[in-house]
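Worksheet: the structure to be examined is printed underneath.
Lettered A, B, C, D, E, F, G and H in written order, each chain numbered from 1.
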């Protein structure tokens, strides 16, 4: 209940238009809802630009349909379904037809790409592509138009160097890399922008499903690189959104 | 070599003031230094607001004195010595007298606290204090005036709630927590600001020197929480600086 | 052999009704059976309210049928089959028709829900549902009527707060959470009741199949939270039963 | 703000005694303080019987003195200092003279041992003693008079069997064991009481500082054994207190 | 080249029947083959009673057929195929008809069960059965007639006690247990015989595929328990065979 | 209570020499003591040749003195103190003068070396010496006269080959090796005797304090190698004693 | 931009043939492209003899076809596809017909086997075969003719000894071994050649998918053994190629 | 026994100068000594250029003195003592005066630096210095004159680029790096030379004492990078020596 509504209610009580008991009842009946509502006030800016999202794995197609439907009805912002199987996507798009599919991600009500921030998503190898794509799709849902740099892993450092300018002038950079995850350190040394590193489960043997890249990114010799969970392209997009929303909010 | 200097040199060649051979020599003699210099151009904004820092452990007091001295001479920005032992601090402050000590951190030439960003550092327990203090000292070195919230761990959620407003309106939040690291998730749900989580080695038994908090923070159910290494208060400060510098740069 | 029976036997010997040699034989012939029997006496209260249970995975449907049959014949209390596959459930229900299925759990001879204890099962997310459901089904088998709180994870702390009263007045609380498992700490700070935390294998990447939640729960900053194994909803129900049986026994 | 106070306020608004704006201000200004205060009400029973505790390691003797002093002033229940070094204990007892030391634990204002619950603390080996002692000291602080069974590890199962009766009739059992931690399983099979298992860092080689015992206890084949963190005798005592307080509350 | 052959060769040289140069050539030409042959002499007793064995997983049915065939032709002792799939077993038995199947193990040319040693195989739960069965089948291949004790896990210690005599008088005991593996410690305390512990991958959650049982068995508080790899029933049988062969050899 | 004593008691009841009530009391009063006593009968052969042992670390010198004293008084077999510090050894030898020190092990009442079994202790490197020495001292305490082979690691396989005969004809072989622990596999291939492998914490970097050797030994490609815990020379000696006692018992 | 070109450009500026501004533009416009190009010069020798390779897993057959096609067009050296599934191989060979398949590896344009270096690939067991085969196929692609030694694991050390000469005189040795990986240490002690150890995921239980062999090889007591990732036969071949190319380059 | 000696013996038998039986006895009596001797022949080239080395930690100064003395007497090549403490170095240099100390390494009889191979040792940070220095000292002992590149970590990629030429033309490159170990990948992409990566225990938090760098290097996206154990500068030097000795041998 926002201050205005509260004032209005109390004014109505003062004016005799609402009984004190009714007002008490209204306020009392939903103390937590109210509290929640009040908190929703705090949450509203929080949620501005933050996606309503559904994580596909472990859910039946029916559950996906239902939850996506609920989210579409419960708000008017973007809704995202991630890591959806073919079957899940088929079912959900059948029920909620206007979703846009990118890889394993489906987005409804993406904002039009009007945000000015320059976001770079650098992926070390082609197999880091799906994670980068998830990140990109989620950023697009919020109206960003990120620049994708693919296959710029450090074993061929010359592939990365042409993009130094783009990295140096970015508002935020997401680095998706598996195996030894060294790209995060190199990129972190080439830009002063916030760097969000996403370890990917790309690789085999001692890559250990992303653990090696995770540890390497957390131990990066580049100052101030921040890390999200393995394969969490969605989380990286959210971290970028946090960075940019605040900035926009202050402008 | 920046474009102006390059144009100037070439103009001098064209004007006959500089011999072509001399110019070639100058350009050729330092291809990498030049390249490096060019890159320093990219690096200069990168380094703006990024600390020149020395990590104390494993160095002799003499080495600390020497490296700090070098950094003080090589630039005019803040210089930071972290996790310095008593002996290291004594030696370094003896040699470079105007450093300011906070816990195990020493800062020289801190910028005056003129930056407007509202940074919150939330520490779960009193034993997370040293990590929070390191983060705070480094942020102060850059002219931030962060707000410290201490002892706001989730086992007493009522201790955190009075600060919801501060969290919701922050430009960036650092969360330092050991043990199960749950504070990052709770804070992440209470603010839309960038959240940098620092797992600390606080705790015992199954806290495993910060690994439990690290894993928990990486697995946070709050969207977009980003994580730095265990006890890395310095890294969190750098991540915040990256966030705020970019914002400032665009304003 | 209880004291009365022993006295009786010895009296019969003294009276000449039983030969000393026969008595010796009786006592000697079954030292361990006797011991076992005696121990069964100790076990009887132990088993009161503790389920006869079969863990489905790794057993053939035929083995499930046989073991459930044996347990149904060997006692008259509740019998529980957990984590049964579709095939296992079909076979077992075909053979032992009066079982009641909840998710992957089947219960025979559930006690009528007459127990007065207020048990709360709090699940952090919808994907923790199956673990919470297993716990609930087993508790119901013993005559409890637990209160389920679903989707009360800490990233939206406002979802949990309306239930503070229920938590504070519970006789025991089970917390099922995956990912970073922070809910256990928050709940542990909101109730003085025994809290049994069940880490779930929910989550991905650094959730590591429940290990992160497990470590986080064991390291909880809330005092006195006790933990069972990953996904062990059955074990949590048994721990609650231990707590409540003792209490009932003393009343 | 309780319903009565709320009704009263609204009635005053209706009566014109309080301005609507003032009421709005009052309601708006203190939602969280109010909430916090209300929550303290929930916390009060929660804290009944739960210790105010200080964990020694990592604190200076001065910090220990200060925190213990604060806790002694801030309430009138038991105050516990755990894992205190010799130096810490000396300093704290010098400042707060009436503490009672048991091993590395100091207790102030222990309740008189009047609680009727039968608590058993079973320790596998002599080196598990310090953990068992910490648990015992904390339980004594709350007025329990636990029964200690020492050196009853499973390699000599005959040492445990004389205590079967005590285990079977206990209200709660704490099992402290290192190495392979098997005692928890054996005890869990001998009693229907709540069993709180504490893995200890006792042992060497593959005991891995308590990890082996921890995993073994979490994987116990005895149903419903619950586990706290490694060496966490304090946590086990708190878990027992949770169990018994609730029981007492319902009686 | 055995001593007799060597003497014969040298005698032939002495007698002039073989040229010294030819003898030198013969001896020199096959130094390693010769050495190998000599070493086979040492290997022969080694292999007495040790199985020729094929590990099924990862081999095609055709490869199984070929390798078993080779082993059957290359010697006259028992041949064992372990962990064979249905398809592998079908193919191999089709080709080498007289194999005897027990679970996933097939044995050809088992020795008649004439060995006098009393071997006990104790399995904690029914799901440890396949590992115990593999061990049993291999032991039977060597002419042992082991005693199987099933479902004697420590949570019901009364189930084990009737077998104390059998354990105490055994020549060797194999303990197969998963979950927390506590049976090894209890059995180790009940017998002076060699105890070979086999951790099994039985269990779920924190059993971690046998790692928990493995660590627990290696950390057993019972003196002198020796451990083989996870699920390695075959290895346990071989360890027992080593023990008993030596004994037989010395008798 | 053995059968004869039981018959006698019952006969006395039948004869009226003992009251039935008194007999009941006697039988009832000491069921567990009796049971324990009976079990001690089983334990006696178990303990034959098994050491009474004290593990030094974590005990005060006074505790070592007391426990050793107790063991010396409570029996007449060998008593062993392992991994004793200089201070512990000084204190204990001062109190119990006739102990014999080998490295960090002290033995009292060692049996005279009359046992005929040929035990080989093979140590890979000089730094595995202390573990091999502990094993040797404990075996000597039981009257074995083991053969030590030092510095026979596999990187110089020629150092091991001269001892092939000794290995092939041994009654049991203990292999102590750190780093990659390969010696166990090589020795296991050279002898049919029972092989007890002891991983040692020798090595650095990826030796991980013995874990690498432990895993390697458990995964040995040599059939039937059995493993004890890291650095557990004592446990290896006990395992050998189990092997040889049984053999001796059957002779 | 090489020195000559630079001098030429500057001379043209001095001569007035090129405007200073144009020269500045030219120099400024392509610093990285130029640099990149220059670096390609450094890369050319680097790539000589190094394979253009595609890692199959995680790619669709279509992607494999496309990438292989690109590599075939983009150069004229060998192209390698590793770990290709049946389906991938079928598709790729259909599109690019002249590939030669060995196991799961396909090679196009293998160099004729003209290189003189003696490379030995020693595989411990038959199940290490696929890894050894991958290594062999890649080496063959570069014109090596490696010697394969199969089934020479250390449990039967006599199988390895006949090949001592081949090992001692090799130019490089690759050792592929799973389980405990001991073969690397034994081979490392038998040759002065570079030894590249490849841990394989062969084995079960405590082999932990190659981790045990990996750790063992890294901890090898043989000096100077170098290790590549688990199952990385391709990487071992590349390491050998690095060794031999340099040698060839210097000859 | 070399061919000539064998021929001579057999000729003596043929001539009647030696009895056949005596010859048989001689040949039979020393098969392994002979074999050993023969193998020493194989070992001699193996040891050429490989250091006689002593690892300091865990040895008393006296043991160091003795072992170094033995090695100095037993050959005439270089002798190396690594990771020696101050005390060890003092004692050893006192006894064997002509050793040359570099950091914690002492070398006796270093070969004069005459080897032509260009070896580069690249260290990521100053704290990787001791490992690089150990590697350098051992290489110098063999007559190499390696080029040290210090502080060329990837966070400042411009520091590495001036050395691209040196890397591209090296005969072998050693990369010492801690933290995330990314330098190995970058260097591996800049040179076709053999790259030996040494993870160092440099770093804190998630560097996990070198494990992160180890895993990263093993997972390097640069083809054919080979890895030695953590901090094993000595091992890297030996690996380089293997590479270069073979090359020299073939020249």
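In the analysis below, contacts are C-beta pairs under 8 Å (C-beta built on N, C-alpha and C of every residue); 3 or more make two chains touch, one makes a residue touch a chain.
Quick caveat: nothing in here was measured; it's all calculated off a predicted structure.
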Co-neighbours of chain H and chain A - touch as defined: B, G
Pair from B-G, D-F or D-E with over half of its contact pairs in common with A-H: D-E
A-B compared against F-H, more contacting pairs: A-B
Intercentroid distance (Cα basis), chain G paired with chain E, Å: 40
Inter-centroid spacing, chain G versus chain F (mean Cα positions, whole Å): 50
Distance from the mean Cα position of chain H to that of chain D, given in whole angstrom: 55
Residues of chain H engaged with two or more neighbouring chains: 35, 39, 189-190, 205-207, 214, 218-219, 223, 229-230
Which pairs of chains touch, using the document's own definition: A-B, A-C, A-D, A-G, A-H, B-C, B-D, B-G, B-H, C-D, C-E, C-F, D-E, D-F, E-F, E-G, E-H, F-G, F-H, G-H
Chain E to chain G touching residues, read off their complex: 32-33, 35-36, 39-40, 43, 55, 57-59, 63, 67, 201, 210, 214, 229-232
Touching residues on chain C, where the partner in the complex is chain F: 3, 6-7, 10-11, 13-14, 16, 19-21, 23-24, 27-28, 31, 35, 38
Complex contact set, residues of chain G against chain F: 124-125, 153-157, 179-182, 184-186, 188-190, 203, 205-208, 211-213, 215-223
Footprint of chain A on chain B - complex, ascending: 39, 42, 45-51, 53, 164-165, 168, 171-172, 190-196, 214, 218-219, 223-230, 234-243, 245-247, 250-251
Chain B-facing residues of chain H, complex: 126-127, 158-159, 161-162, 202, 204-207
